[in-house]
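So, here's a batch of structures to check.
Below are two complexes that have chain A in common, paired first with chain B and then with chain C.
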Partner chain A sequence: MKTVKKLKFTFNIALLLILIVIFAAISILNPVFLSPEYLLNVVLRNVVELGLISLPMTLIIITGGIDLSVGNIMVLSAMVGAMAAGRMGSVAGVIVTFLVGLACGLFNGIIIAKVKVPAMVTTLASMFLFLGLTRGMTGGDSVYAFPAAEAVGSKLFLGIPVQIFIYMICAVLFYILLAKSTFGRRLFGIGLNSNATKYCGVDIEKMLIRIYALSGLMCALAALIMIGRFSSLRYDAGTNINLKVITIVVLGGTSILGGTGDLKGTILATLIIGVLNSGLTVLNIPIDTQTIVHGTILIISLIAYEIVNRRTSSKRLKEVKTELLKKTG
Partner chain B sequence: MGETVLELKNIVKTFPGVLALNDVSFDLEKGEVHAICGENGAGKSTLMKVLSGVYQPDSGEIHVNGQNRKFANPMESYKSGVSIIFQETSLFEEMTVLENMFLGHETSKKTLGFLPVLNYREMREKAREIFKRLNTKIDLDTKIKTLGMAQKQMVEIAKSLTFDANILIFDEPTASLTQREVDALFSIILSLKKEGMGIVYISHRLEEIFEICDRVTVLRDGQYISTKNVGGTNKDELVADMVGRTMHNYYPKTETELGDVIFRVENFYDEGFLENINFEVRKGEILGFAGLAGAGRTELMEAVCGLAPKAQGEVILDGKKLSISDYTDAMKEGLVYVSEDRGKYGLIVDMSIEENISMPQLKDFSKFGIIDRKKESAVAAEYMKEITIKAPSPDFTVNNLSGGNQQKVSIAKALAIQPKILVLDEPTRGVDVNAKAEIHKIISELTGKGLTILMISSELPELLGMCDRIYVMKEGRIVGCFSRQDATQDKILKTALEGEGEE
Partner chain C sequence: MDNSQKKNLKKLMTTEFYLLLFLILVLLFLAVFAKGFYDLSNLMNLLNRFNYVLIAAVGMNMIIITSNIDVSAGALVSVLCIIAASLGKQGLPIGVFLPVTMAAGAVLSMINGLFITKLHIPAIVATLATTQLFQGVLPLAVNGSIYDLPATFTWLAYDAKLFGIFPASTVLMLVVIVTGLLFMKYSKFSKKLYAIGNNKNGARLAGVNVDRTIVIAYTIAGALYGITAVIIGTASQRVTTTMANGKEMTFIAAVVLGGTSTAGGSGKLIGTVIGAFILSLVSPAINYLGISPDWSDAIMGGIIILSVVASAVNIKKKRRISAAPGGR
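Here is the complex of A and B:
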């Protein structure tokens, strides 16, 4: 997997370059963008929820799966959590939010791992299920933030929004989990060859259930932050999030076919999306055009990934051949 | 007999490092059933793939109906009148019988003078006619997946008749049929023969050859051995031809002092296939498992190692009865399996050597769940040296290694688990001659160090050369056991074919 890593490294540099170019271009066009307040309070703060959910999504996609219901898990857990907080107080609200997220994730995971319904179909169906549940429970009304949610969604710590710290901690933890831990190694195994991984004694069903459950929990965390940030939330808030999160992961160089990817790419991609979102707004670019820009950047980076991928692997193969020839000849 | 419809002359076919067919000739007459037999790997299937255009021969000529032909692909072969019914049917499960029969050569008609659409009526009529000839009724609109094996085969035969073939090839047609279905198939073959078709019948079931064939050609190790009239030969003569007299001594089996019985499997069975399996092995022994493809050797080993649930019976290691519910349990007890299909089950080929070796026991390569990469690399380097894996470094991707070296990684991965019993399933399949000799040497050295090995192989010389004892399996049962001194290719093959051997 060394070859894979080497090429990821260069692709991550490409991502970094894209980030710098976009960042520089927007800053030149509108210097307001460069102010620390704007960077922290708008650019970064607005992308934390997406960023948090894209962390477990990277793990899921590496195993060859996908979760199309994350946005809806998020809003459902926010809604039920806020309703619980209204009746039983803030602590109960937090607990209920996480329980709902966990339950949704387990629901997906068990159907995917045990019943073996493809992840795409399972989560497509559960997306509608969760959306319907959210709407049914709230009757279409908004729910409102409660103190614990405000503490993570709209408060500052050392002058920096609290959720940015939360994201940083989670990003580091997930990075270690995927790149350094036995758990992460097994995830790659499942994505590359689930048969052979099973023949290594890995309980694949258990692994899959765990990552979908983990995804549910992260959705709940993002839910608390989101309701704290907006102070109120409607049932349809989560619908766009599903595809945005997948976009971030794919932009970050994780293969949708499973088996390759890393979290550095996902984190860089999160920053790119954050800068683009706020930057285009700062430049007063109409929302339609923003969407076009998003699509174009995604396509450009996917093409870049393929090219970098092909070049590095063929180069590496040549190196290996000469090395082998030296040794044997 | 009548005219010659098919003639293969001096066919040579090589694969990298392997001479699969060496100067093989064969001919078939009109209205004849001509059998081809030989051991696993004798070249029967390769020869038929050459004839049906799947492979192109390196040299040699193919004459079909008097014309010299070169087939670039199976469709050309079909069109010249050669039709092959493969062992595994090539039908599309989700399509109907009719759609399958005409796939790739559908008849169409022009609608409104220009728009070509499928002419179902014509195809349906043709299909009905064919099934009438075969004296069979199958609903043309049912999906293939709802049919049984025998019916699928019938569809295959019907499909081949849509090409107006006059040469039919059956590749192990009875492998998964019941006796009654076999009888039905034979009556169809006989009626096709009466129509004047030339039929090639590949089988290793000798009884069948004597039942319906006119002549029989024997291949061995890619060589043409003999062609005989069935009436003028007998089973023993055929087996002798299949096995050959010479026995090469490539196998560096070192004599080891055998210990006590270390591992026993008793009254072992599963639902429907494996029946009443009993065997035991002594410490340091290499115990072989012979049998034809599909005899249940792999199934047995997978079941013993907890890789196939629903098997029952006693598995006793070091005097302790094991309860194995999955492969993790088996590994913990020191029972390790190396799969015959290393690309699919044995290795994660897109990972590095070290990552493959650590995969079954990541816990031992980690602290607090974090992988110790230095240890990984060091252990891998050790095994690379010990069993001479030729690769630049332990972090080299397995995919870029040769077959032999991949197989060695597979073995290294198993050895790293510190097994007491190592199960090797076809350990030298798909590796070149040199790597094969090296792997044999490794196996031999391992038993010298006290490891006990169960080895499945379809190559009899390999088993005879390497094993202390050989069990023979047939249709999910152990039908014979031979000691190193008693075992000969003839005896083993005869037992594997006929299922009667000395216990």
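Here is the complex of A and C:
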């Protein structure tokens, strides 16, 4: 147990160091990056949607599942919400956005938990479905923002973009949910050994449906912010987001196999990706290079994680061996 | 043991049987309601699409049987399209650029395999990372697209016709699928794939070199992506850097629709053939039914969901409890 704790600790410190190094390097190369307006309005603001979705994604990956459809849930709920807002006003738009997000999440969750189709297959198929529904309903056109979405996507509060406050509140809530509640403990249990958890009296099906539904709701929230920020959205805007969110979660040290991970890592990884994206833009590096940088960082972090992991497990094995030797004399 | 094997066989038979039944129903439906669907030119277009989806899906099938996955296939095929086009631009004939593209595909896909086996990175994450690398490198190497390609390059799609009507890619498809079916049925190697997918440690203890087998599976799949890339690329005189991005989902969907479980260890190539055919059918079919092509993705997603749900309900009782939801 002690070694596991130590592992997490070092990994988060490593992430923090990476963040500081990248941040310092970019600020030295281009001091514009350091101005508070730039940091708030570009660096943080651009990564809020990804950050919001990566919170529930961390929970899902901890249970050993995955959700490849988040970006498409997001765009679908934004589309339907914007259409409803156009006819019935802003309030209806917001309500419909959340309802659609919830419905999509429930759809995934029920198929995964009740019908027991693997999460990857389910969300792969529902990705097609949601993408197709969005495309079919809009006929390939864009939809435009409505006042309520603009309020969360492009307005300032105390001189700071509103969505940053939203992200901070959500991050704290999710942290408490995962690290300080029985709900969170149970998620780790499902990821480590779902049978054992089941026989400890946890209703796994209900838990899974809940976290996928929660993911749908967070996608809807991110959707409101995104459509408010861009003021218009095309049907295929969400496809890239799926993989980016998974990149963030994995970079944050959550094992894709389930059972390990924490939200501090995910939050740090969100900041790293945010600083990198805006930083590379500030340095006039083309967007394609940014994709390479993302990929490389993901690979390096995976290799680092693997090495740290292997070292701790072999250390643990040694400890057990010496203890056994002591006992047997 | 014997009994359970028989049962297993029966179960697989019915999955493919139902799929075939569904396909026949769709084809009958189209015959009645979609006027002009059975036009020769439409059928040949459909066949061409089917050819490249199936060739890539054969490779994907091998990978998924080992309980791995390859989400980089689309980006990789885009890279290979550009490689083929840059060779074709020099006026080189297909006899040169097809093997070179296949070799390039094999090497690049082998990198995926090495990441997964040597560095113990889960397949979905490793190929996710290489997707980003492939997508990022391409636009740096090529400015948007390679165009004004000579007739020697587009020869496969335009001039080479079997018996004057069939697209020549059909020959490639037939070679791949016949070899594939025989290979998956009779070769020792395919048994190793199934063994790894069923029980990796068991396979290792039984003397299977697990890492090498997985790397070889990825390498073969890469070579097959090379053929797919040539078929996709030669279809026009302009090859763009994003030509096949997102196609990996179609390849995976064809395999999954064909009854292969992403948990690995089961599934037959013949199911993948039917799956690929159904998926290639969707967009021309709705076009002839007078539905906007914008709905094609939704219908494709619906079909996949229905089929996986149906097969899951079918085998739910027989399934061990330990096959937890949300597993790999």
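The rule is simple: the second predicted complex is superposed on the first by the 306 of 329 C-alpha atoms of A that agree within 3 Å, B and C clash if a C-alpha of one lies under 4 Å from a C-alpha of the other, contacts with A are read in each partner's own complex, and residues count from 1 in each chain.
In this section, a residue touches a chain if its C-beta (ideal position, glycine included) is under 8 Å from a C-beta of that chain, and two chains touch if they have at least 3 such contacts.
Because the structure is predicted, anything quoted here is derived from the model rather than measured.
Between chain B and chain C, C touches the greater number of residues of chain A.
Applying the stated contact rule after C-alpha superposition, one finds that A:C200 touches chain B and leaves chain C untouched. In the superposition on chain A, A:G259 makes contact with chain B only, not with chain C. Of the two partner chains placed around the shared chain by superposition, chain B is the only one that A:R185 touches, whereas chain C remains out of contact.
With both structures placed on the common chain, the touch criterion links A:V21 to neither chain B nor chain C. In the superposed model, A:L173 lies in contact with neither chain B nor chain C. Taken together, the two structures place residues 195 of chain A in contact with chain B in one case and with chain C in the other. Those residues of chain C lying in contact with chain A across their complex are 69, 71, 115, 119-122, 124-126, 128-133, 135-140, 246, 249, 252-253, 256, 261-263, 292, 294-302, 304-305, 308-309, 312-313, 316, 319, 321-328. Only residues 307, 326-328, 331, 337, 339, 344-352, 355, 358-360, 362-363, 365-366, 369-371, 390, 392, 395-397, 400 of chain B touch chain A when the two sit together in their complex. Within the complex formed with chain B, the chain A residues making contact are 1-4, 176, 180-183, 185-186, 188-189, 192-193, 195-203, 259, 317, 320, 323-324, 327-328.
Against chain C, the residues of chain A that register as touching in their complex are 60, 63-66, 111-113, 115-122, 124-133, 135-136, 138-140, 190, 194-195, 204-205, 208, 239, 243, 246-247, 250, 256-258, 286, 288-296, 298-299, 302-303, 306.
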